[in-house]
Amino acid sequence: MCTITIWNEFRHEREDEEAAAVYPDGIHEALATVFTGEEAEIEDGIEYDVRTATLDEPDHGLTEDVLDATDVLLWWGHEAHDEVEDEVVDRVQERVLEGMGLLVLHSAHYSKVFKRLLGTSCSLQWREDGGTERLWVVDPGHPIADGLDEFIELPETEMYGEPFDVPEPDRLVFTSWFEGGEVFRSGCCYRRGSGRIFYFRPGHETYPIYENAEVRRVLRNAVAWASPTAGAPRSFGERE
Amino acid sequence: MCTITIWNEFRHEREDEEAAAVYPDGIHEALATVFTGEEAEIEDGIEYDVRTATLDEPDHGLTEDVLDATDVLLWWGHEAHDEVEDEVVDRVQERVLEGMGLLVLHSAHYSKVFKRLLGTSCSLQWREDGGTERLWVVDPGHPIADGLDEFIELPETEMYGEPFDVPEPDRLVFTSWFEGGEVFRSGCCYRRGSGRIFYFRPGHETYPIYENAEVRRVLRNAVAWASPTAGAPRSFGERE
Amino acid sequence: MCTITIWNEFRHEREDEEAAAVYPDGIHEALATVFTGEEAEIEDGIEYDVRTATLDEPDHGLTEDVLDATDVLLWWGHEAHDEVEDEVVDRVQERVLEGMGLLVLHSAHYSKVFKRLLGTSCSLQWREDGGTERLWVVDPGHPIADGLDEFIELPETEMYGEPFDVPEPDRLVFTSWFEGGEVFRSGCCYRRGSGRIFYFRPGHETYPIYENAEVRRVLRNAVAWASPTAGAPRSFGERE
Amino acid sequence: MCTITIWNEFRHEREDEEAAAVYPDGIHEALATVFTGEEAEIEDGIEYDVRTATLDEPDHGLTEDVLDATDVLLWWGHEAHDEVEDEVVDRVQERVLEGMGLLVLHSAHYSKVFKRLLGTSCSLQWREDGGTERLWVVDPGHPIADGLDEFIELPETEMYGEPFDVPEPDRLVFTSWFEGGEVFRSGCCYRRGSGRIFYFRPGHETYPIYENAEVRRVLRNAVAWASPTAGAPRSFGERE
């Protein structure tokens, strides 16, 4: 059993017609189907327990109880990063260090949570031009690439370009090619404490990226990869 | 099902009384019990298929068929590294790049196979003094450390000291403290191609190191970690 | 010309007799002599411009002007980490991302600045027992090890032990052996943005560690290594 | 003073009209001008001592004396990798481990020397289509990127595509975008022993890539980066 909590800002889909047309129930509900749909049952043989949480719930839906019960947290945010309370950021950080997995999606590169865990600005270049993107698998031996082809092609998407101000990833799984002439490190693995973190670029609010079967496959692979393992004691403090 | 092939030089145990006393059936047979014994059945829930191969068999016991069927190869050698045929080294390297896991044990730091895959001399300092070693878990979140305590203590062992001429490990899991005043990076993770490689220091031929329950636990954890994953295509050559 | 700013909490030396006996003018002044003393002039051929700053000065002595003019910042703190203003931490982080070098010394592992840049708790184990420490050079090819012997021995010091809750270092230069049975990753290199960060363990307030010639050598080597380089543009934002 | 040895296979330029038209004196002589031309004198303030060596000289021009005197070795090869004697490969590897820098250029990804030091197949995808390449600086803080703009554009070149079967680089400096839809890790830093290795993709024999001012700048930056440093002793063997 793998318990997943999908966190979504859930503003665009309520305020913006274009986003509402693509994700009428919110991006979190679309992401939930990645783990509850038929393809998950057929492919993975894992039983997922999926919950969602959003910015405007009390504690942004991320109480200590919720986080304690979460194996892997997915995070999608864009226009309201600053409204996330520092106390909740502290809580998420602490849980990641203890072993909770974290998937940081698309514009969440600018989330407080990601910046806190990486220590850099997490800035990048961008252009909303609806051009084609190819996510090349540069690490075909990585479990996050299980079952993929050489690349994933997204016909219409927003461009993210280098430089991407993040620490050198532990492993780089995907590098994107954009029609307009840019490249981007689109699948970056990190460890912080006992927790595994995966940044995955795809996912704009006005393109139906999360319906793409290979993107969905990556999300399930990444959840499996980021799931906590037993490990050894993290004992700190004075030693006799 | 995880298919393990345990390769052993198998010379000390046939030629040297002291080694024969500790490992009368050979180190390979002692290592086999790590995966076939009761503790494996209780702890792991994995079904292991264990084979052994030794230097003096034809092809050193490592034909293409054997390697093709192997998920993880364990390698123990010491005094006869040079007798391993280059053709077999090529074969092992190729299989590792394709995804086969490899555990390199103790004095096999000097094996042709390890040097081939790492590209360095793999030299170190050593002293056969029977002093105490403590293998500290420096990466408690790593699955190879699952179920361990803060450190593993080996009361009597050979010392290996830094500098250890290997590339900076992808992940460092253990660092050893030696009674005589030295330290050593004792558990080093690497990836080459799609294959996972783990160097694990413990294992002298005249100390019963492979009877230690925690060392055995590490070996099983490392086999699980090094097992091949599906991945994406490794396609090379001219592209249309 | 290399402009160094040495930041010190400067409390122990004013409040605690034992510390005052070892560092009567403050640890910052003792560290300044590393770069202004005869040995620096003979060995390095670099002209250093050395400034100091302390917690109880306005802005903790770290105004924008001071930081803008600083090539490498040294940071020593212990009992008053929480008194460092977040605004100053923001400023230091931003300058590091832009390229300023940072040396984090001893108990400053727990400084806000270090935790901000690494994203982890930076916790460890410790024991104030005055035992012997040996800092082994595990990366003899690293410029921070220039001119050293195999190890640096400190006859009396505080123990720091693993696990050390930091991201896997980009390069590990030193690993410490402690008489009492522990090990520690004592010299850790990181990059964040364009800035180079070096954590260096030695330096307790009641042992005259900063008088040790090899520790002083390491500090100068580390300043040279951490000095900013020209680089390429860090351009972020919307791209046409 | 930095002593550079430029090794070139030097076959295409003698046997193939197209290559001879671009590099009439051989690629090695074109590369030599990177360090002896006016731009080097103006920009770098380093005195270079430049030598060349080619496949068909005795010992391929790489005697022990030549290598002992070399700070950084550049390597260009393409169609005759197999003709390089293993004894010379051993010698180059040993010198790199001792600290000699190595720049591996373009099709030399398949050289024996590079494969020996990395331990992988170093395979990739390619297409000789004369399309446009953009080498994006993904690590603007790296000294190899000093003085560059956001990217280097090469109007006509051969394509190299992922996957590139190399170990995860210590630092990735450039990622290429190709007009035809591919990406490639074009500037990869490694350390082996005390030696620094930089793989740099540009450089086909039938395009005048080595006349590009920014490519030339990168080559000089990389030589500076790869130059040996003093370090600490590499002492191996039995320890008393």
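Quick notes
Per-chain numbering from 1; labels A, B, C and D assigned in written order.
Note that a residue touches a chain if its C-beta (ideal position, glycine included) is under 8 Å from a C-beta of that chain, and two chains touch if they have at least 3 such contacts.
The structure displayed is predicted, hence computed values, not measured ones.
Overlaying chain B onto chain D using CA atoms gives a rotation of 180 degrees, to the nearest 5. Between the CA-based centres of chain A and chain B the separation comes to 35 Å, rounded to the whole angstrom. Residue positions 137, 140, 150, 161, 163, 168, 170, 182, 191, 193, 234-235 of chain A are each in touch with at least two other chains. Under the stated contact rule, the graph of chain-to-chain touches is complete, every pair of chains being in contact. If you check the complex, the residues on chain B that touch chain D are 93, 97, 116-121, 123-127, 159, 161, 163, 165, 167-168, 170, 182, 190-193, 234-240.
Per the touch definition, chain C reaches chain D in the complex via residues 99, 137, 140-143, 145-150, 170, 191, 193-195, 229-235. Across the complex, chain B is touched by residues 134, 136-140, 150, 161-164, 168, 171-172, 175-178, 181-183, 185 of chain C.
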